[in-house]
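You will see two complexes here that share subunit A, one where it goes with subunit B and one where it goes with subunit C.
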Partner chain A sequence: MSLDGSVGLQWLRYRGGGTMLAWLLHRLTGLGIVLFVGTHVIAAFFLQQLGSDLAITITAIYESWAFQVIVYFCVIYHVINGLRIIILDLWPQLLEYQHEAIWLQWFIIIPIYGLSIFVLIQHGLIGG
Partner chain B sequence: MQVTVKILRYNPEKDEKQHYESYQVEADPTDRVLDLLEKIKGYQDGTLAFRRSCAHGICGSCAMRINGRNRLACKTLVQDLNTTKITVEPLLGLRVIKDLVVDMEIFFEHYRAVKPYFVNDEPPPEKERLQSPEERERFDDTTKCILCGACTTSCPSFWANRNYLGPAAIVAAHRFIFDSRDRAAAERLKILSDHFGVYHCHTIYNCTDACPRGIQVTKAIGEVKKAIMTGSLD
Partner chain C sequence: MLLRSRQVPQLGWNLEYIMWIFMRISGLAMAFLGATGMALAFLMGARTQMDLPTLMRWSFFPNPNHVVNSNIPDVTQGWANGFWQVMEILIISFAATHGFNGVRMVIEDYIDHSLWRPFLRGVLFALWLFSLLVAIYVILAS
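On to the complex of A and B.
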């Protein structure tokens, strides 16, 4: 008898560092975008096909600024991390600087996300 | 200094699943993790199983997870871990035979699949097949692989699907694909462009960080991807 080698949840304890976190966040933010688009589709379905009030409830959820704060992060992170991956795929010689590329990506993401959230919260609080 | 070594153990003859056992070991900061395992096996628990051979970072036998990352036990000094609590676990994604010993068969099966040997059917020249220093430099990095498996077993894509050839096999293919004397590059690129080839790599970079030889594994995979995409080895 021997263990079959299935990893289960043990992978969560692997210390892959910033690059593994970048990959994990890419997957999670991708799921976040699917969730956001999915709620749109479901709300539209309930509104147009069934004329249900449930559509208004779902719309209120995805238009709430708490939801938007998460969606903004998902979209901005997914786009910029995706661009990093595309650039490194096209110019593999740059893969030597992968760690630096991840730092650079955060230097781009943080101000863009911060500014977006600032505008979002400002509009959420004072209207406009 | 007193070090606590926590080992993920498994005895196929009596255990249903893996469990941790801790050992107190007297160690010098310059001791290697392999030295600690030898002390445990020699003086505390002779049933502990692990692989080791050269103990000098060349044979690749003692790859294991040390404090959550793949490393060679013979190249990891206690002082470099910055802690007196050391956790040692077998490589992830491979069948565990006993304690820290894993079944490497699938790893070598993938390795063999990429034809990791020189192919050239042209008549041999009178002396050797000449190669310029630049041509040799092109694949120098990937010649350093010792087949320890640290890269492949640190790869989340491999954990998810063990049919994926994995970083080590791609590194082995890279070594011959970019060798100007070899004539089977197209054949290897075809194998690597398959469903379980290079496109399972999501540039997670664990492999490069885990490689005890400092090979730029993700870069090598990227170069193979580009060669498949462009059909050119330049």
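On to the complex of A and C.
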């Protein structure tokens, strides 16, 4: 490979930068939420009914702050990006500004997520 | 790589179109239910008596088990219990349907119109029904 700038991060340019990244992240965060909530529901059932050790282990995993940091990103990103999709679907003439909409959405996501993560990591997690 | 374009759902009474509308309505509904749960938690004193993870849990699944270690008043008394159970059942119904339909859309982007499609739809439908019933049982039993 030559060193003319074609090395690395090419996948980001597949079918166009920000919009493709938004689509990809929407899928990945959605699948992440399904995985987490599905596991959580089943583990909660076994914890409530049997008090099983496996359920206690799973609960300890998703009560750890590292796991919460990931889950919180999935939820915040999926919600804000989903709202952008809904708004652009309801007013299709705004699609002309979808790149600006994606920048705007990152300007909303980053402060909300950053502040929450700051509080999360600073105070740690208390189970409950 | 084989590139297949995605079919635009036709207007009318078919699964793709109904689910297209449902994804948007349920997404908005979950956002509003989460905001309602969070607002009511603040009214009950979350600002001084809850840590952030508890507030997150309370927003998206207002279950008494989620706040046992906080100083929120007992929410299993009288009408409050029924109210929060209805909130939980609404939010988990929207979430399970939204989530499993999302998985269906992702899977069907990567498979042909072969026998895999009805088979995987059946598997997802069974998983959806099972997790929904389990969740509602957990809500009513806690």
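Keep this in mind: the second predicted complex is superposed on the first by the 106 of 128 C-alpha atoms of A that agree within 3 Å, B and C clash if a C-alpha of one lies under 4 Å from a C-alpha of the other, contacts with A are read in each partner's own complex, and residues count from 1 in each chain.
We adopt the following convention: a residue touches a chain if its C-beta (ideal position, glycine included) is under 8 Å from a C-beta of that chain, and two chains touch if they have at least 3 such contacts.
Predicted model, so just to flag it, every value in this text is computed and none were measured.
Legend: residue contacts after superposition of the two complexes on their common chain; A:109 is shown touching neither subunit B nor subunit C. In the superposed model, A:48 lies in contact with subunit C only, and not with subunit B.
Of the two partner chains placed around the shared chain by superposition, subunit B is the only one that A:96 touches, whereas subunit C remains out of contact. Contact with neither subunit B nor subunit C is seen for A:69 once the two complexes are overlaid on the shared chain. By the touch criterion defined above, A:23 reaches subunit B but does not reach subunit C.
Look at A:119: by the touch rule set out above, it reaches subunit C but stays clear of subunit B.
Contact with subunit B, but none with subunit C, is seen for A:88 once the two complexes are overlaid on the shared chain. Contacts of subunit A with subunit B, set against its contacts with subunit C after fitting on chain A, overlap at residues 85, 89. Interface of subunit A with subunit C (complex): residues 27, 30-31, 33-34, 37-38, 41-42, 44-45, 48-49, 63, 68, 72, 75, 79, 82-83, 85-86, 89, 116, 119-120, 123, 125-128.
Those residues of subunit B that touch subunit A in the shared complex are 10, 12-13, 17-18, 65, 67-69, 92-98, 102-103, 154, 156, 159-160, 162, 202-206, 208-209, 216, 218-219, 221-223, 225-226. The part of subunit C that touches subunit A in the complex is made up of residues 24, 27-28, 31, 51-54, 56-57, 60, 65-70, 92, 95-96, 99-100, 102-103, 106, 127, 131, 134-135, 137-138, 141-142. Residues 1-5, 7, 10-11, 13-17, 19-20, 23, 85, 88-90, 92-93, 95-96, 98 of subunit A are the ones touching subunit B in the complex.
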